[in-house]
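Shared between the two complexes below is chain A, which pairs with chain B and chain C, respectively.
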Partner chain A sequence: MDKPTTSGNWLERQRNIVDYSLQGLFRRRTKNSLILVMYVLLIFVVSSVLFITGSLTVELFSTAEELPDITVQKMIGGRQVTIQEYYFKAISEIPGVEDVEPRVWGYFYLEELQANFTIYGMDLTLLEEGDYERIVNWNAARKNLEMQPEFRMIIGEGVSRLLKEIQMEDAFLFFQPNWDAAIPFEIIGTFKSETQLQSNDLMVMQTEGARKVLELKEGDFTDLVVYVPNPEETEMIALKIRRYYPELRTVTRAQIESTYTSAFNWKGGFVLSSMLVVIFAFLVLIWDKASGLSPAEKKEIGIMKAIGWDTEMILAVKFWESFIISIIAAVLGIVLSYFYIYWLHAPGLKEIFIGWSTLYPSFELVPDIDIKFLLLIVTVTVIPYSAMAVFPSWKAAITDTDYILRNN
Partner chain B sequence: MDELMLKTVKVTKIYNQGKQNEVIPVRDVSLKVKKGTSVVIKGPSGSGKTTLLSMIGCQIKPTHGEIVVNGKQVSKLPEKFANRHKREHIGFVFQQFHLIPDLSVLDNIMLPLLPFGMRPAERKNRAMKLLTQFDLEKRGRFKVKDLSGGEQQRTAICRSLVNGCSLLLADEPTAHLDGQLTADFLGYMAELKSKGYTILIASHDPAVFEHEMVDRIIEMKGGEILP
Partner chain C sequence: MRHSSKLGITLLALLLLVLVAAVDYQHKRREYVENIWMRKSFQRAVGLTDLSITTAARYLRHYSLGDMATPFQDYPASLDHFPAGFVYSPPDFSEFPKPVKFGPLPNLTSN
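Moving on to the complex of A and B:
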C-alpha cells in the first residue's frame, strides 16, 4: 500500500477530529445524554433567573423615567393616610419646586376574579386632547358615539384580559357590599403593552369617579407628586418637606429605583441559592469528568497514541467532545429558558419576583436579552466544563502508552 | 535487498532506575534486520521480546542505546516526531489486538489515517482495499466486539498496514489463535513479505518460528540476545 501524503491538509485534519469527536459522543450516548440533561437544567435555571431579573429591571427603569421626582405621603401612626389640599399649596411655594400635583389613586379588589386593580384618577379629556396615540388603544367605536358619561376609564391590558372573562369588555360596574348602588364606568381604551409593569393592572378614570370608587372625601388626595427641574436639588427639597412637615414622608425616584433593583437582585440570588442542588450536581459532574476516565476511555487514548496520534490531537478530540456537549447544552438551556420566561410567562418563578402577583393581574415580561448575560453563562459553564473534561485525557495521553495498554 | 531496515545498538531499557524495584527487561541488544526479510524474536515469557519490539515501534524509549529504522535514528526523537514516525513508517499488530470494540471494523482500520488530514473518501478507499485483501469486506460495518478472534486479528493487521508502513511489527500475534487461524495469519505474513514488507515478529509459538517464510530467528533470554 502506498504511503499517504505526509503533510496532509490541516483543515481536513480538523474536520476528521471533529467527526471523530461526534462519533465518540454518539458511542457513549447514555453517559453523554445524562451529562447533557444535567447541563441543560443548570443553564436553564441560571439563564431563567438572569432573564427575569433583567426584564424586570428594564421594565422598572422604563417606568422609572415616568416617575415623579418626589412623592409626598402623609403618615399617621405609621400608616399612610390621605393628604389634604393645603399641603399642595405650601409645597408649591418651596423654592426649586416646578410643579406639584395632587393624586387620587388606590386599589380595588375584585373578589370574583381575585384580582387587585390600581385605580388612578385624572381628567381624561386631557388624554383625549393630547398626543396619547402612542400609549392608548382607543376604543374608537365608543369614542365616535360621543357619549360622554360621567364615569369613563382607560384600562391596562391585564385588566382588559381579566374583564373579558366576565364579559365586561366595554363597561364595568364597581360595587362594594356597603354601597347603596354600583358605579358604572365605560371603558374607552386600553394601554399599549410597552410598560406593562406600570400599566398592566391600571384603571385610569375621571377623578370624580375615582374618588367615589376609592371613597375619598372632596379636598383629600392619596398623595402629592413634586417635580424638581434640577436633579441636584431633589434630595434637598425632599429634606425641606420633611423638616417643615414632619408628618409627611417623601420618596424620591432614586429611592424607588434602588429599592426595586436591590429587591430583584436579592430575589435572583435567592432563587439561584435555592437551586444549589442543581449547581451541586453540576459540580459533581465536573468533578467526575476531572477525576478520571473509564478504563475503556483510557485504553482508547492508549490505542490512539500507539498508532501515532499526537497528544494535542487526542486533546482536540476530547475538547471538541466537551465543547459540543457544552454548546448544545448552552443553546438548549437558553432557548428553553427563553420559551419558559417569555412564552409561558415563567410560571413558578415570576411569583417569587413579583410577590403580590396572585392579587395583581398578570403582566407580560418584555424580552430583554443582555449579550453580557449570555456570555457570562457560557463563560462560567462551557469553559470550566471543557477544561475539566480535557484534563484527565491529558493525564492519560502523557502516560506511557505501554503502561496504559497493559493496565486497562 | 542488502539495505538495512532496522539496526539496534546496545539498546537497554531500565524501569525504576536506581530504585529498589529496578527492572532491566532489555539489556545491550544489538541487531540488524535487512529490508524485505522476516525475522522472529523468540524466547520465553519475560525474556524482553515485547519490550524490545515496543522500543523499535517507538511505543517506549530505550534508556540507553540507539535504534535506527530505515536510516533514521528514532530512539531519541522527541515525542511529536516519534509519533509522526510511528504513524508514517511503523505497522504494529498487538498481542491483544488493541482495537476499539464499539467502533466498526472500517472505522478501526481508518483510525491511523485521521491525523494525516486525508479526505474521508480517500481514507475509506484505502481501508476497503485492505478489507478486500484480508477477506473482511462483508464485515466493514460490523462492530469489532461482534467479530471472531480471527476476524479481529485480520482487522488489526489491516489497521497496521493502512498507513503504508515499511516495517511491520507483530507482538505474540498467534497467542490467542487456534491452529487454523495461526496458519492463516502466517499465510498473510508470507504474502506481505512477498510484497516487500519487512516483518519482525515476537513469538514463543513454534508454529511461527518454524514457518518457512521466516528468514531468521533471534533468541532472547533474560533481556539479552543469545549468541
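Moving on to the complex of A and C:
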C-alpha cells in the first residue's frame, strides 16, 4: 500500500493545525472572548497581589539593617506607657551594651484635617551633616538663627502637601484646648521623595519641642533603643532586660524582621482572601472545560473523524485551542498587572492598604519580581487548563463516529 | 491573512509589551539601587520602624512595635474595625511580658 501523502514539513503541518484551531475559536468567539477576559482577570489579580506585597516587603527590608538592635518599651496592664530615665542607666550597665538612647516620639492628631502625624524628637543638627543633609530639601528658614532651635521641624512630603491646603507650609501652630498658648514651629525642610514611604507622615523636631507637643513629663520617654555591637549577644541582653525588669518589653531587630517577613504573607486576610477567590474561580473554569464538550463540539469531532482526521490531530487541534487562550491570558495578565502596579500605582488596590488614612504616600514602589513566581503562575494556570481540554476531546474522538453523528 | 499570521502578530505585540516592562523594570531597579543610601541614611537618623502606608491607627502605622491590646482597646471584646488591619498578619509577639503562667499550681509547702 502506498504511504499516505502529508501536507508539507512538520512546521507547516502545525501551522495548519493552528489555523484550524483559531478558526474554531472564532466560530465560538463570544464564549471564548469571555473565557479569555476572565482568565486575564484571574491572572491579573494574582500577579497584582504578588507584585504589591513583594514590593512592600522589599521596601521594608531595604533599611532593616539600620534598625536599632533592641527597642525597649514599658508595659502596664498590657499597654505601652512612658518609660522613666532610671531604666536608661541600669540597661547601659549590662555588659555588651554599647549605647542606650531614650526616644521621645508619638502621634499628633489634627482634627481639622483628620490626619495623624508622627512626631519624632531628635537633635536636628545631626541632619545638617554629611549624608543626612542630602535627604532633606532645605527651606530658606534653615538659616534663620534667631528662631529658637526647639521650635524648628522637618516634615515629610505628605505632611507638606496637607499643610499647604491650610496655608501653613512655612510654619505650623501646635495647639490643644488645655494649653495656655499655641506653640509655633518653623518648617525648615521637607524630606526628599526618595524617603517618602518612611517619612510621609513624619514631623521631626528637637527633642524638647517634641516633649512639649506630646506633653511628656521631664524624665519620661516613649521608649529606649539599645545598641549592641555583637549580634550574637542581642538575644541574651534582651533576655536580661526582661528578667531584671519584668514590666519591660523588648523588641529585637530579628523580631522586627520576622514581622516584616510575615506582614504580607499568605496567612494575612488580604492575600489569603484574594488567592482563595482566584483559586475557586479558576477551578470553576477548569471544571467547565473538563466536564465535557457541547453537542456542537462533539458533532464537529465526529465529522472530522468521518472525513479522515486521526485522533492525534484532533487532540492537537483541541490542545492548541486551549493553549492559545491560556498563554495569551497568562502573558497579558502579568504584563497588565505590572503596568497597573508600577505605572498607575495601583488605584483601587492601594486603598485597601491605606484604609481610612487621610495621609498616605503615592505608592511609587520598586518592582520586585521573582521569576520563579511568574513561572509558577504560568505553569499552574496554563498546563492544567490546556490538559483539561484534551481529555473530553479524546473521549469524543475514540467514540464511534456513527454514534456521535446520530445522537447530536 | 492567515489566522496563524494574526496570532503571530498578537504574540509579537505581547512580546513588545513584555520588553517594555523588562526595560522599565531594569530602569526602576537601577534608580532604587542608586537612591537606597537615602533610605538607609533616613533610617539611621530616625530609627522608627515600618512604612508610612497607613496612619489610621498607631498600631497600623508602627506595626512592629504595637502591643497586643491596642487593636482591641475600645471596649472588652471589641474587634479591629480599621479596614487596613485586614491587610497585615499579626506581628511577632514572642517576647511579650507573660505574667500569667498556665499549668499546675506550685506546691506552697515545699522548700
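Convention: the second predicted complex is superposed on the first by the 304 of 408 C-alpha atoms of A that agree within 3 Å, B and C clash if a C-alpha of one lies under 4 Å from a C-alpha of the other, contacts with A are read in each partner's own complex, and residues count from 1 in each chain.
In the analysis below, a residue touches a chain if its C-beta (ideal position, glycine included) is under 8 Å from a C-beta of that chain, and two chains touch if they have at least 3 such contacts.
Note that the structure is a prediction, hence the values are computed from the model and not measured.
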Is A:371 in contact with chain B, with chain C, with both, or with neither (first, second, both, neither)? neither
Return first, second, both or neither, reflecting whether A:9 touches chain B, chain C, both chains, or no partner chain. first
So, A:201: does it touch chain B (first), chain C (second), both, or neither? second
Of chain C and chain B, partner touching more chain A residues: C
Who does A:302 touch here: chain B (first), chain C (second), both, or neither? first
Partner chain(s) touched by A:250 [first = chain B, second = chain C, both, neither]: second
Using the superposition on chain A described above, determine whether A:23 touches chain B (first), chain C (second), both, or neither. both
Just checking: does A:181 make contact with chain B only, chain C only, both, or neither of them? Give me first, second, both or neither. neither
What is the shared patch of chain A, the residues that chain B and chain C both contact? 19, 23
In the complex, the residues of chain C that touch chain A are 2-4, 6-7, 10-11, 14, 17-18, 21, 24-25, 28-29, 32, 35-58, 60-65, 67-70, 73, 82-89, 91-92, 94-97, 99
Seen from chain B, its contact residues with chain A in the complex are 54, 59-60, 79-80, 83-88, 90, 92, 94, 96, 98-103, 107, 111-120, 122, 126, 129-130, 159, 161-164
Residues of chain A defined as touching chain C within the complex: 15, 18-19, 22-23, 26, 56, 59-60, 62-63, 65-68, 71, 73, 75, 77-80, 103, 105, 107, 115-118, 120, 122, 126-127, 131-132, 134-135, 156, 158, 191-192, 194-202, 204, 223, 225, 238, 242, 246-252, 255-256, 258-260, 262-265, 267-270, 324, 328, 331-332, 335, 338-339, 342-343, 352-361, 366-367, 369
With touch defined as at the start, can you tell me which chain A residues reach chain B in the complex? 1-13, 16-17, 19-20, 23, 27, 296, 299-300, 302-311, 313, 400-402, 405
